[in-house]
Each structure stands twice: as structure tokens, then as C-alpha cells.
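Order of writing sets the labels: A, B, C and D. Residues in every chain begin at 1.
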Amino acid sequence: MDHSVLMAILLLSPFIGFLINGVRYKQPTYKLSGGIATAAVFISFICSVLLFSDLVGLPADQRKIHVKFFEWLSVDKFKVDAAFYVDQISGIMILIITGVGSLIHLFSTEYMHHDKGVTKYFSYLNLFVFNMLILVLGDSLLTMFVGWEGVGLCSYLLIGFWFTDKEKAAAGMKAFITNRVGDAAFLLGMFILFSTFGTLNIQEINSLAPTAVETSWLGALTLGTMFLFVGATGKSAQIPLYVWLPDAMAGPTPVSALIHAATMVTAGIYMIVRLNPIFIVAPNTMMVIAIIGALTALMAASIGITQWDIKKVLAYSTVSQLGYMFLAVGVGAFGAGLFHVMTHAFFKALMFLGSGSVIHAMHEEQDIRKMGGLKKYMPITHWTFFLGWLAIIGIPPFAGFFSKDEILWMSFHSPMGSPVLWAVGALSAGMTAFYMTRLMCLTFWGKSRVPKSVHPHESPAMMTIPLVVLAFLSVVGGWIGIPEVIGHTFGHIPNYLGDWLAPVIRPIPNLAPADHSLEWGLMGASFGIASISAFVAYHFYVKSPEIPGKIAASIKPVYELVFKKYLVDELYFKTIINPLVEISRKIWFYIDVNFIDKLTYIIADLIKGGGGVTRSLQTGNVQVYAMYIAIGLVVALSIIIIK
Amino acid sequence: MPSSSFLTDISLNHYLILSSVLFVIGMAGVLLRRNVIVILMSLELMLNAVNISFIAFSKFTQNVDGQIMVFFVMTIAAAEAAVGLALAVAIFKRFKEVNIKFFEHLRG
Amino acid sequence: MLLSTVIFLPLFFALVMTFWPQQRTLRHLALGFSLVEFLISLMILSEFDIGSARLQLVEKITWIERFGIQYFVGIDGISLWLVLLTTFITPIIILASWQSIDTKVKGFHACLFLLQTAMIGTFLAMDAILFYVFWELSLIPMYFMVGIWGGARRIYATIKFFIFTMAGSVLMLVAIIYMMYLTQQATGVMSASLLEFYKVQIPFVAGTLMSQQTLLFFAFALAFAIKVPIWPVHTWLPDAHVEAPTPGSVILAGVMLKMGTYCFLRWVIPLFPDATEYWSWLFLSLGVIGIVYGALVAMIQPDIKKLVAYSSVSHMGYIILGLFVLNQYGITGGIYQMLNHGVSTGALFLLIGMIYERTHSREISKYGGLAGVLPIFTIFFFIITLSSIAVPLTNGFIGEYLILMGTFKAAPVYAYIAVTGVVLGAAYMLWMFKRVFFGEKGELVKDEHHPLHDLNLREIVVMVPLVILVFWMGIFPNHFLNWTKSSVDHLVNNKSKYYLEIHETKVAKGIEYGN
Amino acid sequence: MTPDVFLFWFLALLIVGSGLAVLLFTNPVYSALSLAMTMVGVAAIFITLNAYFIAGVQLIVYAGAVMVLFVMVIMLFDIKSEVQAFTSGKISGAMKLIAVGLLSGLIVGGIIMGQKSFVGELSKDAAAQVAEANSAKMKRAAGADAATKELGVALFTKHIFGFEALGVLLTAIAVGTVALARSRGGTHAK
């Protein structure tokens, strides 16, 4: 089939699904709505596969399918087309989006069946996929921005899906506005790049990037990429704009899986990977990205340890993992970042869907203190979740191990990395292992603390099939990117992903050849840290559940601070939002009401007063009027005579 | 202008000064008196003063137009007196008052 | 005769309205008339030469010979869409006011048509005096519209509106007369033609207020700034909007404010290039202040309509910013934003009017949970909200993006500040949206005795064209921008010595051309 | 001192004196009589200026008709000597007096100084020139009859429009006066 037709179907299929479900938004027929939506995304998935296979068929240096539909906006020299292209990077992304997307749609069909707004839900979900595809495929930054804002919008709609709850509506708003901060920075980044390169076309920028020379430590490239990165921190929930993501768990769980774990939140990393040629020539930005990524990974992981809400734990875990990805791209390991995007999409989607299955079984209970011992009630969920757990804490040969290890190795080895970054990364890997094990223990293992009124049960097949598929992917997903050191040892297994991405990823300058023994050592160290903390967690939460409480009590202030998420929300409220609202009130009251209006009143009063004075001259007495005539006469004559 | 000839040599200026003095007297009457009728009389004085100037000019420029103007002025003065007095009568009939102070309906 | 027809047909309609004997068929007649007017105005598109920057469809008749005053109208890419916006929005207003205006219906429609004549005339007039006549004429129907069909404090609002606007216009009249005098000095013939004005070189001295060009610049700019309104002369707008009836608000926001920005583009920038260049920092600053200030103040308004009114201040700040950066992006964006604002803010006022008809309140705090009760209304409101906060693929994005990009190219500092408006805009709109539509049902919404009804067919018909336009303009901006391109290029490329020629082959038939 | 010089001074004193009397008498009847005296004086001045016809008209219209009107009205009102004949406002009174004083000073000063004021210029140079230009007419208008004739000719040729307009005006005045006199006074009907 012609590529433009394929591309059109790929993009429009979810959009048409959105329209169909959008028009019949009141229907409660969840099977039909879910069917339409899943089919729409599945058609996209097929198109993606076809496009991807076409891409594979092309020679390595020409792997690019570019389709232009129409000229979108052209003013003077600024020209943006409604054009899309698939290359090695976006090819992987569309597979993830439509593949994981169809699974999650399928899961949702069952999960949301009791909800009245199920059709509306599916229309939003399809709209999201549509926007995500635009984001990923757009051939210019502006087209990407269309999807960028579009997914933010869908996220807003889906987080606030149960809008009758004030908190949830507020969470949606928070997500959108926080994202908007990032978007504003993204806009500025685009302006700077346009001023520098005279185009917003991603390929043109990438090909021009090596010729650009950074003149100062904060030149156009650094500034531009920095702003783009701020945009990415908004979308991908990094410090300082990560605050919306934990709140975003107010949305339905499949949404958290699709949008807030697998796809949308990785848009920031995707954007940086796609623009890697300009990021690599802005080392200052790269440093900032790596530091922010590492800090986010550490901070979110530490918060994750203290949370009691199953989805909150996963949310902080997502923030932490996203931090990893930024750490990766920050040290120049773009391929590793994208690799982790992919594996993370598998196992985090799996875990979110698993948690959805649990929540579903527990009748909307999300507090892990009221769970425990669910293993025997829901075996499939447990086992799939178990595999996801192994993947995320980095047990070989599960998916997470390879991607995470590559990131840690690169953060040490890359000239842009440093041992400190590695240490932070390894520490957060340990924390990840700890809180994930804690989650496993409290939810599935140990004694049951389920209230009497709740009778947990395994979810129906429509929900477990996606779990199984994702679990499978979480196991094998990492095998396409087996690092050279392992591949070499086990008989020349190639790093498929690395080779695939090589033409579009700019290599790290001055990269020393890898020292295999050091790599093995670090790998062992990080694996050791992860397994020890997993073991400790198991001991704490299954064997002797009283210990964590004691530890928490002994370091109460610190625990409280972490449990309350370092009070960042409160800080933002205190230092930004409340003052802003207060200032708004003040400027309105003092400037509009009491200054400008008062001023106009004063002018009016002056005129009125002037009128009053002249009015008092109108005594009504004819003789006084006559006197005025006489005075006028005197004045006129005086003037004549004096002249 | 030497004072000796001022008394003996009657020029246009003499008439004009006479006219202006009479005019000012009339104006003083209009401004200062309270009785509507006296004010009307003062108005007549002013008109007469102007007439003197006209005639004087007419004489000294040998132009008959000045006299015609006086003729017009007198006619209008008569008309004005008639109307003014009619108004005074009307007002007096209504308010039993001729003091101008009582008629301040034009107060702003 | 096409332009004259477009200008004066509504005047004729207004007369017919005034003397129409039947109350019952009045609205239908008005709707029909406005549609006829819209269709005729569409004919401009077919007559218009898209590739030319010249003044087209010119009609020129001597009016007052002695002072060189003519009846002189013409259209180019800058005014084209504004005229169409005016004719497009009138039938919508008539349909929207079907039930809300129930007193003095005749007078209302007559006012509306009179206003239409005045507004179109303002956009098309190429003679200063003719322009001034239309400019002032537009005040009168608006004055009555707010004063007669307005809310509780309508007299206060209408007088404020009138006096603010008049205060500016008077100076402009002086400036126009002085311009005519200057034209006579320069060419020997007194003329009020804008095209002649363009040819005059007005002395300019940098660094002082007391040079001729600067004074004229400010005399014109003040009049337009009040109309726009630019901060700090904006305070009449919230009051006028709050007190105006829905149709009044829609016209005010949709078209009348654009008269100010359009005139900046038609009169101020080309006529006084040096002063514009020299003082652009002032207007850029005021524009930026307007953006941020309007957004902040909008955020804390307890009244939906006032909130939208302040959001207008913010949006108009963008337009001013775009116009005064003096490059293609900014000016194109400015023109586009004029249309966007007309469509989206007009639609917002229409929607607020619809809900006001149901609940008779605009207090945000009394609402809540509307989304569950009025889903169709919510969908429309949400789409328009998106357009207002400039989400891509809606019209607002194109305008805002081009303006910000133009600003960044010309003066990055302003862009850095203005971009906060993007965030604040989302903040105030979504916060309002949350409080009105989400959460628990507010006291007005849960009132058992007066259950709220969702939009009826008429109201949907009112909204649909606007929504279509929102997306059309967002997805295919080139359909609109292609028409304005030549004119904008011409303006930017010749900004230091602007001139405008008459498109000879597009001179209306039967009109003698030439002085 | 020639007779005509004496006559001028005598009449001037008479006119100013009786004019002041109009102003100063508190009794309107006396004022009216003084006014009549002034009118007669003015008529006499007219004669000294060779305006015989106008002097006659002055006597008939003013001293006759208008004065009769005044006296009639005073009689009608039955007004006696007034306690408050003059306005009482201190500031306005002072201002009025100052205005009047200044005005008279200015006019007289202007005339006497003669140099710069327009009155003076006309009185000296221009008057002489105009007089010369009109000398031909002067010759024709030697006697009183001739002067009157010339007046009549001018009135009915050059100024016919004004004359007719006056006729209309007088008709209107006659009607208006009657209407006013018949009305119950003012528009503030109770």
C-alpha cells in the first residue's frame, strides 16, 4: 500500500474512533464503544507494523518514510507542513503507542464497563492516541507541538474524567497548567531554534546542527535546548514540574498505564532523542539534563518508599524511571534512553494494569495497607505483576535489567557522565528495588489484611490477556538491546537496537573504549544493591512487619518530610500560586478599581467641579449677566488700547 | 490736545465723549438699579448715547447713512421699549413685583 | 458598487426594521436580511484579487469638494476578513438573541444593522472624514444597546464606555484635520484621502514628544488604544461587557475592539513610520503588560463575564504586541488573532448568555458540576475554551504562535514575558472551567424547581458555525492567510515609506476613478 | 466762545445731568421725567449736528411716544419712592461700579488720546478724508430740506430692505406686545 495512505490510516483511524464514540458519547454500551476504540487503535497498530516492516526493508541509511499531506502554515519564510515521517526512532515509538495502546484499550473495555461515561472515556482515549501519534510522527517541531499540547489536553480530560469529584478535576487542571509551563518553555525553545536555523523542520535542524557553533556558555543552542528541556520536564514529570504526575493518578487506572506511564510522559525523552544532534552540541544543557534526571530519580524513589496508595507508589516509580531516562540522554546515551522508554512502557504498563486489576478486585480500594496475600485470590495478576517486578528492579535477563544497566554504565563511562551520577543512579536503583518489593509484599504476599466486606477475585480474561502479553514483553523486551559486553560473552549476540538506531543517533564525542571488567563490576554492583534492598524489603514487610514502623518512628521528621513528598506542593502553593492569586487581587483592587478608575473619576469630578464653578456664575440675575458684558467690554477695549 | 482749544473748538471727539459718558451712565443704570422700569429707561439712555455718536459721525463724515442708522435704532428702541414694558406689565400682573432680584429663573 | 452595497444595505435594513409593522415576523426578517448581507459580502471574495497588495474594489465620489473630502471606500487584505467577520457574526447574533431580547425588538434590530453599517464602513473607509463619521457612528447604536437592553448598572457602564471612547476620538479628529492641512502644505490640494496622507512626509524628531509626527501619532494612537483597549485605558471594557446584553457583548468583543487594532494597522503604523518605530517599545510594553495583567486580573474575577472581558484585555495585548513588532509574523499573527478573538470570545459571550438565560446569574461560585447536567453546552464551552487558551489545531494557537514568534524575532525580551500569558491564560480559563463545570453541583445547578435544560436546536445552530470556524482556522490557516499575505508583505516591506495604490482593474464598475 | 460752542457745552451738561438724574432718583417718576429731559437734550444736540429730521423724530418717538409709555406704566404700577433702589451685593456692586468706571475711563481716554485707538484715528485723519470724499454730496445737501430729502432718498433706495424689515418687525412687535399684555404672565403657569 502507498505510504501516504498507510500514514493517513495510521493517524486517522484513532481520530475516527474518537469521532464515532464522541458523537454517541451518552451510550452506555461498553462493549461496542470499547470495541470501536480498540479496533481503531489496532488498525493503527497494523499500519505501524506495515510501515515498520517497510522501514526495515530499506537500506540502513535511507530508513525514512516521509509523507506530506498539505501545507499547514506559511508566513514569509516560516513554512510548516502537515507532514509526518517514520524513521528508526519514531518507528519504535509508534509500535509502542499503538501496540501497548491496543492492549490497554482492550483492558479498559472490561475495566470501565460499570462506568456510565464509558463511551466518552474511549473517545478521549482514542483522541489521545491520535495526538500521541502526531507528536511522534510530526516532521517539524511545530507539528510535534500540536501533538504535545494535544496529549496534554487528553491527559487533562482523562485525569478529570470523574469530574464530579473536585479533587480529580483539580488534578486534571494541575496537570494541564503545569504542562503549560513546560509548553511555554517549549515555545521559546522553538523560537530560538527558528531564529538560529531558520526552520523548524526536525530533519533540517538535525542536519544543520553540527554546523552550528556555540559561541558562549549560554548561547542560542544551549538556551534553545534548555528551553526545550524545560518543556520536557513538564511533559515528562521532572524536577521542578513533576508535581502533576502523582496527582494524575486520579484518572482511571488504564489511563495511568497508557498516558502516565507508557507513552505521554516519555514524550520529553522522545523529543530529546529525536533532536539528539542539537542536544549533543550543547554540553551545558546535557549536564543540566543529567543532573535533573538523576535528582528526580533519587527524590521520586525516596518518596515512593513511603507511600501507601498503590497507584501513588507506581506514579513515583514512573517519575523515578523517567529520571533515569533523562539521566541517560543527559550523558549522551540517547539509545539507552529510548531503550528504557520501551522496556519501561512494557513493565510499567503491566504494573499499572496489574494494579488496576487489583483495584478492580478490591472494589476501588487503593490503600496497600488494606491488601496483602492477594496472591491466592488472583494468580494471573500476581504472576504477571511478579514478572514486572523482576523487570523493574533489574534482575537479569528481564527487560529492565538491560536498559537500566546500560543507563548506569553510560552514566559512569560517558565523558559527560561521572561516578557521582552513577552512584545516585545506583542508589535510586536500590530504592526502586526496595519500594517495589515493598509493594509486592504488601499487596500480594504476607498476611491478608483485606476487610471482611471485600471479596477479591481474579479479573476476567479481557483484563488478564493484556497482562499476559505485557508480561511476556517485559521478559523478552530487553533482549533486543543486549549490551556488547554480555553479547560478546555469550557468543556474539548483536545489540539489535543499538545497530538499528545508529544512523540517527549522533555518537558521544570522545567516548573511550569500554573497559569490560569495569563494566562487569559495575553491573554486579548495581545488581547487588538491587537484590540486597529487595531482600531487605522482603524481610521488613513479610517476615517482620513491625520493623518499618519502628524505623519510621525513629527518624520521624525525615520520614514525615518524605511521606509528605518533601512538601513541594505546599512550597509551590506558598511561593507561587497563592502569591500570584494574592497579587492578582491586589493589582485588580489597587490598579484597576482604585487607581485607573479613581483617576478617571477624579478627572470627571474635576470637569464636574469646573462646571459647578461656571454654573455658580449663572446666578439668574440679569444684572449680573449685564455686568459680565461690561467686564467683557472693558477687557476688549483694554486689549485694543494697549495694543 | 491743548486745553484752551478743548473748550472752544468743538470737534467730533466732544460728541463722542458726550456719547460715551451718556452710555456709561445708562449702563450704570442697567447694572445698578433694581426697578425693571428704571432699567428699561437706562437702556433708552444707552441707545440715545449711541445715536449721538451716529449723528456725530454722520455730520463729520458728511454721510447720510449714519442718520438712517439712527432712524432704525429709534424704531427698534421704541419697539423694544414697548415689548419690555409689556413684559414688565405681564410680570407685575403675575408677581406684583418690579424688583429685578426676584426674577432669577435663569439660575444655572 | 459591491462595497457600497455591503456598507449601506444594513442601513436600509435598519430602516425597514424601524417601519416594519409586524412584530411576529420581525426576527425572521432580520435573520433573512443578515444572511443576505452575509452572502453579498461573500461576493467580495470572488471579486478580490488575492495576489495583489493594492486597494481593490475602489469607489470614489467627491463629497465635499472644497476640503477634498470624498466618499472613498476600498478593500485590501488587511480589511477583508474583518468585513467578513462582521457580516458573519451578525446573523449569529440575531439568532442568539431570539429569546433573550424581548423588549423593543424593533429598535434592537435597527441598532444592530446600523452598527453593522458603521463597523463595515470603518473597515472600508479610505477617506479620513468618512472614516471618522463611521467611527463615531458606531458608538451610537452601541450606546443604546448597552443603555437600553443592558443589566443593572447599564447607565454607568454605557456612559463610561461613551466618554472613554469619545475622549480619544476628539483628539483623533484634531489630528485628522491637521493631517489634511499637512497634505495641503505638501501637495497644494487639500485632501482627506488616506492615500494622499500616506504620501506626506511628516517631520519627526527623535527623543522628544513635541515633534509633529509624534504628536499626530499619539493623537491617533490614543483613540485606537482606548477602543482596543490597551492597558491602562481598558477599564471601560469589563464594565461595558458585564452590563451589555449578550448580543452587545458579542459585537463589542467580536468586532468593535478590532476596529481599534485594525486602525492601528491602517492608520497609525503606515502613516507615522518613524514615530511607530521609535515608540514601539512603549506599545510593546503596554501590550505585554496587558497580556499579563489581563490574565492575572481575569483569574480572580467572581463573574464569568468579567473574567472573559479581562481575558479580552489579555488577548488584545497579544494583538498589539504582534502589530508593533513590525514584521510579517507579528502582523499576520495580529490580523489572525483579531479574527480568532472575534470568533472565540464572541462565542464565549454567546455561551455565557445562554447559561445566563437559564440561571440569571454569572457568579462563578454559584455554579459547579454543570458538565453533568448540560453535556452539549459543556462540549461547546470546552471547545471554545480551548480556542481561547490557544490549543493547537484551534484558531487561537496560530495567532498566538505567530505573534510570539514575531515578537521573539524582533524583541525577545517581550516574548519572554508574553509567553507567561500562555500559562496564565490556561490557568484562568481552566480554573473557571473547573469551578463552573466540575465538582459538586452548585446552588444554581441543583435547584430542583428549575431543572436546567441543555441547549436547544436554535442554540446549537448558533454555536456550530463558530465551532467549525474554530477548527477550520486552526487546521487550515493558509486558507485565510493567503488572502492577507500580499498586503502584509507590502506593509512590512515598505513600512518606512508606505504607499497604497488602487487596483485599476478592480475598480468598481460605473465609478469614475481619479481626482 | 461762539454760540454754537456755548450751545454744545450747555446741552452736554444738560444731557449728562439729566442722565445722572435718571440714574440717581429713587422715585421712578422723577427718573422718567429726567429721561424726558435727556431726550429733549439729545434732540437739541441732533439739531446742532444738522440732523433736523432725526431730531424731530427723536422728539416725537422718544419724548412723545416712549415717554408716555413709561409714565403710563409707572402710573399703572403705582410705584412710590423705593427703599432699595440700588442693588445690594457688595462684591458684585463693587465690580459693577469698577466696570462702569473703567469703561468710561477707557472710552474717554481712548478718544482723547486719539493716537492709537480706532476712534481717535477715525476722528482725525479718516474723518477728514471721508469728509472730502463726500464734499460733493455736501454741496448738494446745503439746506435742511435738502438734507432731509437726501435722507429720504437713501432710506427708500439704498436701505429699502432694512426699512421694510423694520416694518415687519414693528408689526410683529405690535402683535407680540398685545399678546404679552393679555397673558397672565410668564410661562410658569400655576
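Here is the rule we use: contacts are C-beta pairs under 8 Å (C-beta built on N, C-alpha and C of every residue); 3 or more make two chains touch, one makes a residue touch a chain.
It should be emphasised that the depicted structure is a prediction, and the values quoted were computed from it without experimental measurement.
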Pair sharing more residue contacts (C-beta pairs) when B-D is set against A-B: B-D
Separation of chain B from chain D, taking each centre as the mean of its C-alpha atoms, in whole Å: 5
Chain centre separation (chain C, chain D; CA means) in Å: 66
Chain centre separation in whole Å, for chain B relative to chain A (CA means): 97
Between chain C and chain A, distance of the C-alpha-averaged centres to the nearest whole Å: 38
Contacts with 2+ other chains: residues of chain A: 623, 627, 630
Interface hub residues of chain D, defined as touching at least two other chains: 87, 96, 99-100, 103, 107
Pairwise chain contacts under the document criterion: A-B, A-C, A-D, B-D
Chain A partner contacts - residues on chain D that touch it in the complex: 87, 92, 95-96, 99-100, 102-103, 106-107, 109-110, 113, 116-118
Interface residues, chain D side, partner chain B - complex: 1-2, 4-5, 8-9, 12, 15-16, 19-20, 22-23, 28, 31-32, 35, 38-39, 42, 45-46, 49-51, 53-54, 57-58, 61-62, 65-66, 69-70, 73-74, 76-77, 79, 82, 84-87, 93, 96-97, 99-100, 103-104, 107-108, 111-112, 114, 119-120, 122-123, 127, 130-131, 134-135, 137-138, 141, 147, 150-151, 154-155, 158-159, 162, 166, 169-170, 173-174, 176-177, 180-181, 183-186, 188
Sites on chain B touched by chain A in the complex: 27, 30-32, 39, 100-101, 103-108
Chain C partner contacts - residues on chain A that touch it in the complex: 25-26, 70-76, 78, 142, 145-146, 149-150, 153, 156, 160, 163-166, 169-170, 172-173, 176-177, 180-181, 183-185, 187-188, 190-192, 194-195, 580-581, 583-585, 587-588, 591-592, 596-597, 600, 604
Partner chain D, residues of chain A touching it in the complex: 623-624, 627, 630-631, 633-634, 637-638, 640-641, 643
